[in-house]
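As written, the chain order gives the labels A, B, C and D, with residue 1 at the start of each chain.
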Amino acid sequence: MENKIRKIGVFTSGGDAPGMNAAIRAVVRACTYYKKDCFGIVRGYEGMIEGDIVKLGARSVGNIIQRGGTILKSARSKAFRTPEGRKEAYENLMREGIDALVAIGGDGTFTGLHKFYEEYKIPSVCIPGTIDNDLPGTDYTIGYDTATNTAVEAIDRIRDTALSHNRLFFVEVMGRNSGYIAINSGIAGGATAIIIPEENMSFDDLYNLLGADKETNKKSNLVVVAEGSKIGDANTLAKMVAERSSYFDIKVTILGHLQRGGAPTYFDRVLASRMGIAAVEGLLAGQNDVMVGVKDNKIVYNDFNTIMANKHHEIDSESLRIAKILSI
Amino acid sequence: MENKIRKIGVFTSGGDAPGMNAAIRAVVRACTYYKKDCFGIVRGYEGMIEGDIVKLGARSVGNIIQRGGTILKSARSKAFRTPEGRKEAYENLMREGIDALVAIGGDGTFTGLHKFYEEYKIPSVCIPGTIDNDLPGTDYTIGYDTATNTAVEAIDRIRDTALSHNRLFFVEVMGRNSGYIAINSGIAGGATAIIIPEENMSFDDLYNLLGADKETNKKSNLVVVAEGSKIGDANTLAKMVAERSSYFDIKVTILGHLQRGGAPTYFDRVLASRMGIAAVEGLLAGQNDVMVGVKDNKIVYNDFNTIMANKHHEIDSESLRIAKILSI
Amino acid sequence: MENKIRKIGVFTSGGDAPGMNAAIRAVVRACTYYKKDCFGIVRGYEGMIEGDIVKLGARSVGNIIQRGGTILKSARSKAFRTPEGRKEAYENLMREGIDALVAIGGDGTFTGLHKFYEEYKIPSVCIPGTIDNDLPGTDYTIGYDTATNTAVEAIDRIRDTALSHNRLFFVEVMGRNSGYIAINSGIAGGATAIIIPEENMSFDDLYNLLGADKETNKKSNLVVVAEGSKIGDANTLAKMVAERSSYFDIKVTILGHLQRGGAPTYFDRVLASRMGIAAVEGLLAGQNDVMVGVKDNKIVYNDFNTIMANKHHEIDSESLRIAKILSI
Amino acid sequence: MENKIRKIGVFTSGGDAPGMNAAIRAVVRACTYYKKDCFGIVRGYEGMIEGDIVKLGARSVGNIIQRGGTILKSARSKAFRTPEGRKEAYENLMREGIDALVAIGGDGTFTGLHKFYEEYKIPSVCIPGTIDNDLPGTDYTIGYDTATNTAVEAIDRIRDTALSHNRLFFVEVMGRNSGYIAINSGIAGGATAIIIPEENMSFDDLYNLLGADKETNKKSNLVVVAEGSKIGDANTLAKMVAERSSYFDIKVTILGHLQRGGAPTYFDRVLASRMGIAAVEGLLAGQNDVMVGVKDNKIVYNDFNTIMANKHHEIDSESLRIAKILSI
């Protein structure tokens, strides 16, 4: 198998994440190292269908390891969900002689890649690149460490104001259906309460935790709310507290898209570098239709079904216990 | 006059701003230098009324120059707007022997201080501490430099995502009725358009600037919107563009309170240090009912009426012209 | 055993590391949670001997999770190496009724604690707090993640200049005898070569890697040198290259102590929080003379001999392989 | 005159400074705005001699406003100091039809440009780009604000360690013969003493300021030393204190080249943008052999002799006075 692969295509798909460029760089340089050609496919599946493909050499990816976003750009593609779209994509790859693929993205990206593999049997490996850290099969996804640090820096700033004014702040962080960014930025940000989709905290629990019924508790407090909260988003929860208690001066901040960008941390750059190399080495060793992961600090390859069966990266119950002790 | 003042009270009031601690430190150390006693009044006028006053020495303000927020806390006080409230405040000051005041805050703070001076003739100087840079009589207010840099860092992160996805982003920044943070974070962030209250840009102007009617302009764009925008806030403008044009993938981020906190820049620390010393030296030289300012890099003292007659720090028309040339 | 412990003393010792305050906070709050008294011992073993001990409650450690350094201060103590010194320390602890200890520091700290345990049998747990990540028994020490990010940010800045001038930069990073910070900041910083004490790279290897004998390679390059380098420090290596090759414009930067400070990353705050709680829970569960660690994301307790037998946290050979591929 | 200029060449020369890219961008876009062609000359005078010249359009300078360093690269050129070198440079410019020049750099750059102007009468404007802020004729040079903030961030980190260990730190900052970065990073960093070339502070003064002869003053202290110090560099001063006093645990950090890089602050981006536009508008309005400056927030054009007669940007004596009061 190894000898057959000669030209590897790499692309990013889905939401961008800091470290994607480090992963692209690693894929390209691993190709150079193993004397394979490497091609960048621009704007993910969309560019694959449109034939927007460029040759990449070791020097093309110089000075990008520290940049947020993705130099290959990303897009969501409706056309790739149709057989006609995928056919066109396949033909474009064949025209360039690309005989293996590395995709960098989340579960949507992997699902598309799996479908494509089933139909066209082109060897392919997915690298988990998403700030949400919501994929099983890997302890960390690329971008999660940076996004959590960005959230914590923002929370640190907000706490300055909370403390100066004895205010209650609700801060909403990203993560889609996962509470990973929330639980860890909450612990690191010294939050009084953390609302995540994985835990069954009722509004009453939150209300009690805030001591919202006692005047003596009119102090500064910070609540971190995961985007996927099942008991209401930050604005809703703030309104609910305000309706029931008059002891607080309440403010809300939705961190939003600034969590996606910025220079990646060392952790995300090294993780992305390892995964990029592992993707190429996996392909050369015969891996197909798998997602690279890092478990207990070791590279693993997960097949599609294992990932999709779980579809969620569970949060350690330890984290919840710790958060509770620390907010005493 | 100089010899009469013996005990100076210092407090922060209104919204917190990075650099307030550096100003407090400078006031306290200038008092030590000139052998005057210094007292911190906690939570502004509210603490003045409640008698929440602490003695401060040169060592009490060690290791705070780099901290956001205000160690003296801040609050808005309804009671101070009543004659009874101010009487109580005055009596508390007298009890401690405080015979001069330094207030750090915005126009609301200065207005309260002026009223108090008219009634009780206690020598008082105001230091402009607000991120909005909305006060005449000074080229810069404390906190503005830091807040603008915080906004620019956030915009830099957002641009990573905008570029990766060819998206149109509306980013709303703070500033109340002033467009200062917006115009400068917009120029520095490479915005395509900047919406500020001081300029008469219509929605149609914005729409044309974005090239929203041409498919060829479906590229990444960034619009910075001042909080005080007169043609709609970020969400409204985004909705209006989306309704009229189908060429954009539009996202909105409201930066919010994270702009208020964080370690101050060197500029805000030095500005706050200069103003804190100038406030004490002004008092000792007989200044009353004035606001310290820095004009053309020189310390000035502005009387209350001059500040309130203008009530706005105008934006140089140069800035608008520059923004236009750069977004070509 | 659990029921016997009533008063826990906590202290920091050796070089300071970002996250130490988060660990102190976690120890204090875990004590509150388990209804134990907590005492802070100032300046490590030195303060133990001098009886510099303060009561700490849950509120004493508010707003410190984000601060670098250690609020309990740290010191190296010669007196504690003498039996008399340790006797005095013990008597001071007894006077306060302190019946268990949590030390936060590196191998020197643990060695002192072990000696003390052997003599006085006071239950004690060590938390690994050092930027060097040089301890076996834990995948990460507190402060390492932050220090590596600080090094990478500095390298990013230096690379701007290196690229602008086509220069060769030697950047020396901390780590004592360990190459951890160097290898990971080197990979993340896109270094051409990384010199660590764990690897046998000769000067000739380095010279060849730089392509120093060919004019065509007169491009910008970055070499990261670990403090513990066995083939010469950054200045020496720079001089050696300059003597043999005239193709480079060479500069040297020793990052130095700025790597120790700064707000800890989310990772170090969460790690420190987990370890702080685990130290208290370990003591209550009967652990003695052990060091807390996190292996494969799970809390472990290592006895003294296991740690001291190895005395080094080995660097994964994978890292070296990856660094080589990436610098192609 | 205005109508005659059709093609403007822009280049960076001397040490790189954050904000140079923002200046390049502004020059290019102002050219587009005024319908002039713009050419980038790579590696300053060196590239001018070698004919390394590229056409630049408004889109060529997208997404660079936030980047440190210079995309046009910089170099010091010996050849340009010879008549032959300048002749070759002139011929290359003529070949491209370049009939005006914008140089971004320090006094060396301006000197070269002046010589060139005298010989070949090619209209030329210099933009002050240097972190040193050592040029008369402008309140601020491009890069100074960023470099000072970088120094202050480093000092903040170092202070964490200084406070944790009660240490005395000597921190050396850049600035060549100017004390600007030192005095302002010293004030903002809360330094006990600041050594700059512009002030006559003796070693004895420093020694007394540190209270080095009294055991009671064995506390943490920070001394900021300008690169151009006339009483010894940081290492020398540290050694001198150590020889005379045994009360300190002394460490030294030389910040070095990391002060040159990094994303520019909003201030430097806006300053660079204004100056870039002013350079082009100046050329079109007939300015020759001048340096753009900003005095009291207004654009000015300084002729060569005015700049070179002073050759130094004096430090306000106020700064020294303030530093003294604050370190009480």
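What we mean here is this: a contact is a pair of C-beta atoms (placed from the backbone, for glycine too) under 8 Å apart; a residue touches a chain by one contact, two chains touch by 3 or more.
Values in this document were obtained by computation on a predicted structure and should not be read as measured data.
When the partners of subunit A are compared with those of subunit C, no chain appears in both lists. Relative to subunit D, the chain whose mean Cα position lies farthest away is A. Separating the CA-averaged centres of subunit C and subunit D is a span of 36 Å.
Chain centres here are Cα means. That of subunit B falls 39 Å from that of subunit C.
Among all residues of subunit A, those that touch two or more other chains are 156, 159, 163. Under the contact rule stated at the top, the pairs of chains that touch are A-B, A-C, B-D, C-D. Note for the complex: subunit B touches subunit A at residues 12, 16, 18, 67-70, 73-75, 150, 154, 156-161, 163-166, 169, 251-262. If you check the complex, the residues on subunit A that touch subunit C are 22, 25-26, 29-30, 32-33, 58, 62-63, 65-66, 139, 145, 148-149, 151-153, 156, 159, 163, 184-185, 187-190, 263, 265-267, 269-270, 273-274, 277, 296-297, 316, 318, 322, 325-326, 328.
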